[in-house]
Each structure stands twice: as C-alpha cells, then as structure tokens.
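In the two assemblies presented below, chain A is common to both, partnered first by chain B and then by chain C.
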Partner chain A sequence: MTSLAVHFPALVVVNLLICSFVMPVLDRWKKNLVIPVALGSMALSFVFSIHLAVRVSVEGAFGYAMGGWVAPWGIEFVVDHFSVFMLLTLTGVGLLILVYATQDLVHELKEDVLGWYYTLYLLLMASMVGLALTNDLFNLFVFVEICAIASCAIISIKENRECIEASLKYLILSAVGSGGMLLGIAMIYMVTGHLNFTHVTEALPQAFELYPRNIMVAMALFAAGIGVKAALFPLHVWLPDAHSSAPSPSSAILSGLVIKVYAAVFIKLFLKMFPWEAYEAIPLMTIVLIMSSVGIVMGSMFAIVQEDIKKMLAYSSVAQIGYVFLGIALLSQNGTLGGILHIFNHALMKSMLFMAAGAIIYCTGVRRISDLKGIGTKMPMVMSVFSIGAFSMVGIPMTNGFISKWYLAIGALDVDKPLYVAVILLSSLLNGVYYLPIVVNAFFGEHKGNFQMSRKLPLQMAIPLIILASAIIITGIFPRLMLDLADKAVLFLLN
Partner chain B sequence: MIEILSKLLHNFYYLIAIILFVIGFHTMLSHSNLIKKIMGMNIMETAIFLFFVSIGYVEGGRAPIIQPGQEHIYVNPIPSALILTGIVVAVSVTAFALSLIVKIYQHYGTVDAEEIMLIRSRET
Partner chain C sequence: MDPLATFLPLWIIFFPMAMTLIIYYVEQFSEKLRNALAVLTSVITFLSVVALYPFIMGGDIIEYTLFEIIANLGISIRVDILSYCLALIASFVWMLVTIYSLDYMAHEHAVNRYYPTLIVTLGSCLGIFMAGDLFTLFVFFELMSLISYILVVHEESPEALRAGYKYLILTIIGGLALFFGIIATFELAGTVSLSVIGMVTQDTPLAMFAFLSFLIGFGMKAGMFPLHVWLPDAHPVAPSPASALLSGIMLKTGAYGMFRVIFHVFSVDLMRDTGSTTIIAALAIITILLGSAVAITQDDLKRRLAYSSIGQMGYILLGIAILNEQAMIGTIFHVFSHAIMKSTLFMVAGAIIVKTGKRSIKELSGIGREMPYTMMAFTLAALAMIGLPPFNGFLSKWTLSLGALDAGNPYFVVVLLISSLMNGVYYLPIIIAAFFGDHEKEFTVSEVPIKMLVPIGILALCTIIFGLSPVNFPYTLSRMAAMLLLQAGF
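Let's turn to the complex of A and B:
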C-alpha cells in the first residue's frame, strides 16, 4: 500500500484515463457495468485526492517524476496546496455531477451514445485533474487540447442543431486559444530552453533582461489564450450558447469546473512563473482587472434580459468567472484568497444551479423563466435548493458566496482600489435582480397550469442537489474548512 | 532600418512562420465558409509548428543519431519531438471539427456561417 501511495499523483489521472478508454468496450460487452465503473473510477480519484491533500498538509509540497524520469528529461507533476485545492474541487464536484448524470442523460441522449458520454466525461475529468497537477509546459498544452476536445464533444453529443453549432463555435475559438498558448510556450522555450515550470521560473528573470520582448509576447499570448478558454469578458462569445444548449450534466461540469480550471492555469503561470519585473513592463494585471470588472457587470446585465433559464445561468457564469480573475489580478493576499476561494464556491453553486435547472426540465420540460411561476409548490425540494444557490450567488451571509465576496472586497481595499468594491456591490445587486424574482415567483407566484409534472425526480438526481446545497450552507457558516487550504495555497503562491 | 532588415533576413524562418500565422488567423476570422475557417485554423497551427521546430534548428546540424567515434553538430531534437505530439493533436481537432461541419450540413444544408445565421434568424 505504501509503495502504491507514492504513485497516487499519477494514478489520480491515469485511473480516469484507463476507465475512460474501457467505457466503449464495456458499453458493447456488459452494458450494466458502464455506470458502476464510471462512478467507481471517479470515487477512486476522489479518494486519491483526499489522500494527496492529507499528505500535502503533513509533508508540504512534493513532486512526482513520470516514469522515474526526473525533471529536465521527464514530465513532472507537482502536488502543492493549490493543486490539491483544485483536485478536491474537481473530483468532488465531478463525482456528484456524474451521479446526477446517470439518470438525467437517459432522457437527453439517444441510447446508443450513452456509453460514449462516460468516456468523454472521464476524459474531461482526467485532463482537468492533469492541468491542476502538471508542472510541465508542453504537458500543459496537451491537457489543454484534450480538455478542449472533450468539452466540445460533451456538448455536441446531443446532436441537435443548437448543440452542434455551439460546439463548433467553441471548438474553433478554443483552437485559437490553444494555438496562442502553444506559440507562447514556443517563445518561452526559445529564451529559457526549459519546459519545466520550476526551471523556467529560475531562468526567466535573467532571460527577461536579455530578451524582454519574447517574454512580453509570451505573456500576451498566454493571457489571450487562457482568456478565450476561461470566457473572460470580451472573449466570452462562445460560452452562452455552448453552456445553455448542452445536456444539463455537461452544462454543470462546463460552467462549474472547466472554465475554473483555466483560471487555475492562469494562476499557475502568472503568479508563479512569470517574473515580477515583467508586470512593470506591461500592465497585464490592470488589463485583466478591467476586463474582469467589465465582465462582472456586463455578464449580469446580459443575464437579466434572458428568457431561457439555462442561458441566464450561462451569462451569470461570465460574470462569476470575472470575480475569480478580479481576485487574481488584484495581487493582494486577501484578493487572491477570495479569487481562489471563489473557484471552489462557484463550482458548488453553479453546478448545483445547472443541475436544479436540469431537474426542472427533466420533470416538467419547462425552460422559460416566465413559465416557472408557482413551481415551488410542485417541486419544493428542487426550488429550495435553487433558492440556496441563488442566495449564494447574490452573496447573502450564511452562504459561501458571501465569504468569497467578502475577501475580494477586503483584497480590493488592501491595495487601495475601492472602485472594485463598488463593482462587487453593484454586481451583487444585479445578481439579485435576476435571481430573486425566479425564487419569489416560484414560491409565491400563481400557478397558471403552464406545465405538468410528467416525471418524478429520481433519487440519483436529488441526492447530489441536496449534498451540494448543504455544502454551500456548511462552507458558508464554517468557512474555515476550505479557507485554511486556500490560505496555504495563497501563501505558497505569493511568497 | 537596415539592421532590422538584416536581422529579419537572418531569422527568415521565424518571419515566414509569423506571416503564415497571420494568414491563417485572418482566413479563420474573415471567411464565413466553415471549411475555409478550418483550413485557416490548420494554416495557423502549421505556422506555430514551423516556428517551434525552427527554434531547435542549429546551423549545419544534423539529426541527433549518435554514432560512436563521430563528432557532429546536432539539431535540438526536443522541439521536433514535441511538435509530433502537436501534429497529432491538430489532426484530431481538425477531424472533430470536420465531422461537426458534416452534421451542420445535414441540419442546415449549407456550410456558410452567414447563411446559417440567416436561417436561424428567420426561424425565431
């Protein structure tokens, strides 16, 4: 057991990859094994992540050399406080979404592609976990591409017109993004001769004196590439269509986890790798600050006018990813803490809201917000869960959304930028404008017979919702749980 | 001016890679035909590969196959090895994009992005 435990950093990815490739075989051979194996491998990865988290908290950060080839020759994985924070978020929320997916997909997909969905889902999870762990630039690029293809594929698997079109748009734009990132990697390799993050970090300050232009171009390319993939405001055009037309579990994972993982990549590259002198040469962080605060306001504005509930949630994601980038770009300890914490909090909230919307669509087939009046009496559990998510989005105390906004606001004050506190406040009000009417109408609106309950909510769909809702409340009342981990991650990043 | 020109001439493979990149990027953004967009995407990716591989080139170097007793200058093999992976990734993205375009053609009867927009706006 102890000898196997050494390989957990690799196994957490490899286990998902292997199971993903086994899925199509199982689908033909033993159909009833598909779901247990998929759930089993996700649960196993979650257990591995917990083990890694415990080990990091005892021993501190440690590296893992793939195949025994140490850093300059082989690919290295580094398990530090930040990557275990991401690992726990990814595998935990991913497991819950998968439990939900086992029931929801049956009515959304054709029967012959059901097995393939789990292949894509596990592949996507594997690439995201890999992105959180990797310490190698080219490995990063490969995982980014796997992530891009898998996330497009779990949209287009539904095969209706909107999904195919949204998926193609997403694919083309994210190909531009990965192209930019690869060119950035080329620029860095050109001046440093390394691909390993640790070695690049050591070589960059000296390289910056000799070839400042290369590094500035690389930073711009990385920022643009990650910006497209994480849907930072003016580059978000693909997100609303893609996230709203996809099957509900796909929307949940795409909005909850995939865009966050790129924010994590941004943190890894820009807070750990690039030298601080470079930020004096180009005001990159100021640009990101402006982009994210415009995104926070505009995303909410767009969300207000939406008719379709999933489209509204998708635009709300544009606003929420803005918070994460705002926190990172403030470059103060509390701000970064708020940004990192919001990765976790928003993963809980948004995946839960998308799953609640999916549950409403599953039971009644209603997507229009105006038709949702009085649904609270028919589906009290789902709507209470939705309300908790909505309160958390607005940032009402006792929910975890309040905690991350609080730290963002403190972070903005720490660096004397009170304007961004105003942005956070304004956006909280705007969030209230589009979330709270749904809640109020659902419970107190008059039911006009716009919908029928055609199906009862199965247990597999109800349990993830309840777990996520209680997690929102628990981390809202006892924020210490995740805050300690995020705090250590920030200290590790900014020291 | 002459200094810049001579520098460019000396590193002409970087220049050509960047020109190709811009051609590809422009094709991708300006054409409404989806197939042409994918072609532009491929030109762009090829340009990046060319750029990456030319980083590893050493003047007068040869393939790094070491034979005992012979001393040579070798090119840096790492960029070539990496780009092999990059090409595989680019091929799979292209294949996936083309298969999506086939589906779009089945649904709309056209591969032109503007016509698809027209069809969609007429329906709503």
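Let's turn to the complex of A and C:
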C-alpha cells in the first residue's frame, strides 16, 4: 500500500483515463457495468485526492516524476497546496455530478450514445485533473486539447441543432485559444529551451532581459488563449449557448469546473512562472482587472434579461468567473485568496444550480423562467436548494458566497482599489435582481405557471443536490478546511 | 461570570429557532398544538429575557465568542444594557402579538407558514440585539430581514408581491451597504467586535464611506428618508400582527444598529468633528416632517400608521444626532414608547379589519360605539403618539426636547412641536369620528375575541403606566443605557 501510495499523483489521472477507454468496451458487452465502473473510478480519484491533500498538508509540496524519469527529460507532476485544492474541487464536485448524470442522461440522450457519455466525462475529468497537477508546458497543452475536445463532445452529444451549433462555435473559438497557447509555449521554449515550469521559471528572468518582446508576446498569447477558454469577458461569446444547450450534467461540469480549470492554469502560469519584471513592461494584471470587472457587471446585466433558466445561469457564470479573475489579478494576499476560494465556492454553487434547473426540466419539462411560478409548492426540495444557491450567489452571510466576497472585498481594499469593491457590491445586487424573483415566484403568488409533474425526482438526482446545498452552508459557516489550503497556496504563489 | 448569565443569551436566541423546527413538524398534525407551542415559545423567550434582569442590573456585560469563522471574525454574544432594553421590549411585544395572532390568523390562509416564520424572526431579531460583533449583528440582521419578507407577502396578492419585491431589493441594497461598512471597518481597525469602543479613530475617506454605508444599511431598515420608500407599502400589506412587529420592533433594529455604529465603530467626538451628526440631523428632520405630513393624506388606516412610523423613527434619529445625555435617554426611551404605541395601533387596525373588514378611515365613523374597548385602546395609544401628558410619548418627547435645548438647538424642539401638531391632525379626527361620528345603523357592541383584546389592552395600559408611574423601569433602563454609551464620549 505504501509503495502504491507514492504513485497516487499519477494514478489519480491514469485511473480516469483507463476507465474512460474501457467504457466503450463495457458498453458493448456488459452494459450494466458502465455506471458502476464510471462511478467507482471517480470515487477512487476522489479518495486519491483526499490522500494527496492530507499528504501535502503534512509534508508540504512534493514532485512526482513519471516512470522515474526526472525533470528535464521526463514528465513531472507537482502536488502542492494549490493543486490539491483544485483536485478536491474537481473530483468532489465531479463525482456528485456523475451520480446525478446517471439518472438525468436517460431522458436527455439517445440510448446508443449513453455509454459514450461516460467515456467523454471521464476523459474530461482526467484532463482537468491533469491540468491541475502538470508541471510542464507540453503536457499542459496536451491536457488543454483533450479538455477542449471532450467538453465540445459532451455538448454536441445531445445531437440537436442547438447543441451542434453551440459546440461548433465553442470548438472554433477554443481552437483559437489552444492555438494561442501553443504559440506561446513555442515562444517560451524558444527563449528558454525548457518546457518544465520549474526550469522555465528559473530561466525566464534572465531571458526577459535578452528577449523581452518574445516573452511579452507569449504572455499576451497565453492571456488571450486562457481568456477565451475561461470565458473572460468579452471572450465569453461561446459560453451562454454552449452551457445552456448542453445536457444538464454537462452544463454543471462545464460551468462549475471546466472554466475554473483555466483560471487555475492562469494562476500557474502568471503567478508562478512569468517574472514579476514582465508586469512592469505590460500592465497585464490591470487589463485582466478591467476585463473581469466589466464581465462581472455585463454578465449579470445579460443574465437579467434572459428568459431561459439555463441561459440565465450561463450568463451568471460569465459574471462569476470575473470574480475569480478579479481576485487573482488584485495580487494582494486576501484578494487572490478570495479568487482561489471562489473557484471552489462557485463550483459548488453553479453546478448545484444547473443540476437544480436540470431537475426541474427533468420533472416538468419547463425551462422558461416565467413558467416556473408556483413550482416551489410542487418541488419544495429542489427549489429550497435553488434558493440556497441563489442566496449564496447574492452573498448572504452563512453561505460560502459570502466568504469569497469578504476576501475579494478585503483584498481590493488592501491594495487601495475600493472601486472594485463597488463592482462586487453592484454585481451582488444584480444577482439579487435576477435570482430572487425566481425564488419568490416559486413559493409565493397566486398565479401559477402551467406545468405538469410528469416524473418524480429520482434519489440519484436528489442526493447530489442535497449534499451540495449542505456543503454551501457548511463551508459558509466553517470555511477553514478549504481556506487553509487556499491560504497556503497563496502564500506560496505570491512569495 | 454566572453560568446562567452565560447560558441565557444563547438560549434566548436559539430556543425560538429550535422551536421553529418543532412547530414546523407539529403543525402537520395538529393546529391546536402548533398554536400552543408558538405562544409557549414566545412566553418562555420573554421570561428568559426577564430572567437576565438581575445580571444586567448588576452591571454585568455578558460577552463571549461562540466560534470563529475566519481569523478575527466569528459569531459572538454580547449583552449590555442597551441590548437588554431592546431585547426586553422586543420579546414582550412579540409575546403579546403571538397571543393576538391566534384569533387574527384563524381566518387567514397559509397559517402553517405564518407561525414558524413568526417565531424564527423572533430568534433572529433577538440575535441582532445580543450580537457581540458587527458581523454577528449583520448575520442576524440579514436573516431577520429576509425571513420577514415571508410575513410581508403573506397575503400573496399582487400588491403584496409588489411591495415585497420593493422590500427585498432595498433589503439587499441595505445588506450590501452594511457589508461594505463592515469590510471597511475591518480593514481600518482589524476587528469588528463591539467590545472595542471607537474601532475607527482616524477621519479618512474610507471611514467616511464606511459611515455612509452604515447609514444607508441601518437607515434603510429604520425607514430613514430617502430610503423609507419600501416601508409604507410593506407594512400595511402584511397581516396586522406582522405589521405590529414590523413597525413596532423590526424598525428598531435599524436604530439599534446606528447606536452601535456611532458609539462603537466611531466615537462621539469623531462623529461631531466630521459633521456626521449634522447629516443625521438633517435626514432626521426631513424624515419626521415628511412622515407626518404624508400620513395626513392617507385614507387607508394601516398606511397612515406606516407613515406615522416613519415620522416616529425620525425622532429616534434626531436623538442620535443630538448625541447628549438627555437626548440619548429620550431616544432610547422612545424606542420603548414607540414599540408599545405603534404595536397597539396596528393591532387595533387589525381588530377592525377582522370585525368589519374596513380599512378606509372614512368608513370608520361610529366604530367606537361598536367596538368601545378596542377604540379606547386606540385612543390611548394615539394620544400617546401626539405626545400628550401623562402618556409615555410625552415623556420621550420631553426628554428629547431637553436634550435639544442642552445642545443649544431650539430648532429641534420646534420640529418636535410641529410634528406633534401634525400627529394630532391625523390621529384626532379618527378618534372623534369613531366615538361621535354618524352611524347609519343601530350600533350593537360586537367586540373582538378576548384573546385579541387582552394584548391590545395590556399594551394600551402600558402607554399610561410608563408615562405616569413613579417606578418607571423602562426610563431607568434608558438612562442606564445612555450613561453606558456616553461614558466613552464624555
């Protein structure tokens, strides 16, 4: 066991990859094994992540060389506080979404593609986990590509016009992003001769003196590439269609996790790798700050006018990813902490909200917000859960959204930028404007929407919702666990 | 510290909250048990607050931290005399209103939603008063504000929902303003604990913004001009017992917040030096005159009462603006007075609605002959509102005026007098018409049930007792609270 435990950093990815490839085979011959194996592999990765988290908090950060080949030649994973923070978020929320998916997909997908969905899902998870762990640029690119293709595929798997159109848009824009990143990687390799983060980080300050242009272009390319993939305003155009038309579990994982992973990549590259002198040459962080604050406000504005509940949630994601980038770009201890914490908090909230919306669609087939009046009396559990998510979005104390907001606001004040506190407050108000009427109309009012309960909510869909809702409250009251990890990650990053 | 004294505040906050769950469970089977439990909960809560009396009078300040959420920020408890004053009046009125609700709500729909909401709001309201730091205060403040939304929209009519929406949006704006205030305080002082007097000592732009945010956040709740817009819509549409609580008690949470901000976050000197008191004074005067003036034009009885609440909250703000000993005594005593008077008036309005279905003041002519006891109570409370001796309203106005004169500001006294006059203009015609007005049909005495009459009667008597009695413990408490608050400033 102890000897196996050494390989957990690799196994957490490899296990998902292998199971992903096994899926089509099982789908053909042992159909009833598909779901148990998929769930088992996700659960296993979650357990590995917990083990790694414990190990990191005891021993501190450590590296892992694939197959014993050390850095300049082999592939290296680094398990530090930040990557285990991401691991826990990804595998934990990913597991819950998968549980939910086992029931929801049956009504959203055609019978013959059901097995494929699990392949894609596990592949997507593997790539995201890989992105969190990887320590070299080339693997980063490989995982980015897998991630992009898998996430396009879990949108278009629904095989209707909207989904194909949305995923095509996503595919093209995301390919542009990947292209930018690849070019950036090439530039870095050109001036430093390294792909491993650690070595690149060492070589960059010197290289920056010799070839400042190359490095600045590389930074721009990375920023644009990540910006597109993370849907940073105004590069978000693909997101609302893609996230709203996809099957509900896909929406949950895309909005909850996939866009956050790119925020994590951004942190890895821009806070860890690029030299601080470079930021004096180009005001990248200021640009990101402006983009994210405009995104926070505009995303919420767009969300207000939406009629479709999933589209509204998607626009809300555009705003929320702005919070993450805002926090990161503030570059203050508390601000960055808030940004990182919001990765976790928003993953809980948004995947829960998408799953709640999915549960409503599953039971009643209704998606229009105006038709949802009075639904709280029919589906009290789902709407209570939705309300908790909504309160967390607004940042009511005792929910985890409040903790993120607290740190973001403190962070902005720390660096004397109270304007961004105003942005956060304005956005909270706008969140209230579009989330609370849904909650209110669901429970109160005489006019009931026209919907029928055609199906009962199965347990597999109800349990993840309840777990996530309790997690929102618990991490709102006792945020210590994730906060400690994030705190150490920030200390390490901003040193 | 006495273990009982440590335990009681926690019990007072969390007992109603725990009972909410039990009531929610029980009401699925038995309405009678639900009603009994609701009354029992409010009575026990009130008695528990009373049980704190010896400790508080002994000069203790009960304070401790329950747990920390993040460094220097957590849930804590702190009970001093000011907290105790508000907790006492809140739990007392709440108890009477719960008893009153039994018969009032018997004709209403969704009663199963009403009682748990009522009781959980009691817990969170007491939580505000017993909070040990601004964050805890904020948590309970938001909890109370959001949950009382359910009371506001209870009727679920389109106008209730409209009023509720306005209430909700302003609550969120207020909440965000408070959030900013607390964040800024935390940034400036590194703590938000109320055991620190004068957290912010420097007059910086951020401190100014923090003050304005607190003013917006708490002022919104207190119905301060220009943030009062939600109040005249929200209070009348709620069921009458809820209106009594919204106007009588929950408005005071805003005033309580302002007390804490002025004396704990900032300090009296800082408030004076930065001219913040002038801002509050200006807003208070506008609030008083506007509330009273608009009340005259209202024909709906409950709307008139709601506007009157705005005017009365202006008195409390005015006292805060004057900031000397007499004014603080007057202001805190007015918290007691107004809670008693306005709850009585709203409960009477509710009694009239239950008995006759009438809300318009025009239709109330002769009602005094139909419901003599109820209208007697109304008369007492209304006379107290106008500020006639020997009622408690007179005592608060008298003390406030003394404070204004001490501060060398006779204009404030003029404002108080004008407002009293206006109160007379809108309350007296109701009383005169009720007892001496035309009545088309033969009158028959048909009073509301005894369970509604008794709470109204008790509160109405309180207006005299606390104006006349030589052993006036609300006044004593107010004086002690004012002394305690001002110790730091003088």
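As a working rule, the second predicted complex is superposed on the first by the 492 of 495 C-alpha atoms of A that agree within 3 Å, B and C clash if a C-alpha of one lies under 4 Å from a C-alpha of the other, contacts with A are read in each partner's own complex, and residues count from 1 in each chain.
The rule is short, and it goes like this: a contact is a pair of C-beta atoms (placed from the backbone, for glycine too) under 8 Å apart; a residue touches a chain by one contact, two chains touch by 3 or more.
What you see is a predicted model; the values in this text were computed from it and never measured.
A.B. asks: Based on the superposed arrangement, let me know which partner A:414 touches: chain B (first), chain C (second), both, or neither?
C.D. replies: The answer is second: A:414 touches chain C but not chain B.
A.B. asks: A:37 contacts which: chain B (first), chain C (second), both, neither?
C.D. replies: neither
A.B. asks: Go through the superposed model and pick first if A:175 touches only chain B, second if only chain C, both, or neither.
C.D. replies: first
A.B. asks: State whether A:437 touches chain B only (first), chain C only (second), both chains, or neither.
C.D. replies: The second partner, chain C, only.
A.B. asks: I'd like to know which partner A:153 touches here: chain B for first, chain C for second, both or neither.
C.D. replies: So A:153 only meets chain B here.
A.B. asks: In the overlay, answer first, second, both or neither for which of chain B and chain C A:478 touches.
C.D. replies: Second partner only.
A.B. asks: Does the superposition put A:216 against chain B (first), chain C (second), both, or neither?
C.D. replies: Neither partner.
A.B. asks: Quick check for you: in the superposed arrangement, does A:190 touch first (chain B), second (chain C), both or neither?
C.D. replies: The first partner, chain B, only.
A.B. asks: Which residues, counting only chain B, touch chain A once they are in their complex?
C.D. replies: These residues of chain B touch chain A: 21, 25, 28, 34, 37-38, 41, 44-45, 48, 51-52, 55, 78-79, 82, 85-86, 89, 92-93, 96-97, 100-101, 103-104, 107-108, 116.
A.B. asks: Going by the contact rule set out above, which residues of chain C touch chain A in the complex?
C.D. replies: Of all residues in chain C, those touching chain A are 69-70, 73, 135, 138-139, 142-143, 146, 149-150, 153, 156-158, 161, 164-165, 168-169, 172-173, 175-177, 179-180, 183-184, 186-187, 206, 209.
A.B. asks: Contact residues on chain A for chain C in the complex?
C.D. replies: 391, 394-398, 403, 405-406, 409-410, 413-414, 418, 421, 425, 428-429, 432-433, 436-437, 440, 444-446, 477-480, 483
A.B. asks: Can you name the residues of chain A that touch chain B in the complex?
C.D. replies: 138, 141-142, 145, 148-149, 152-153, 156, 159, 161, 164-165, 167-168, 171-172, 175-176, 179, 182-183, 185-186, 189-190, 195
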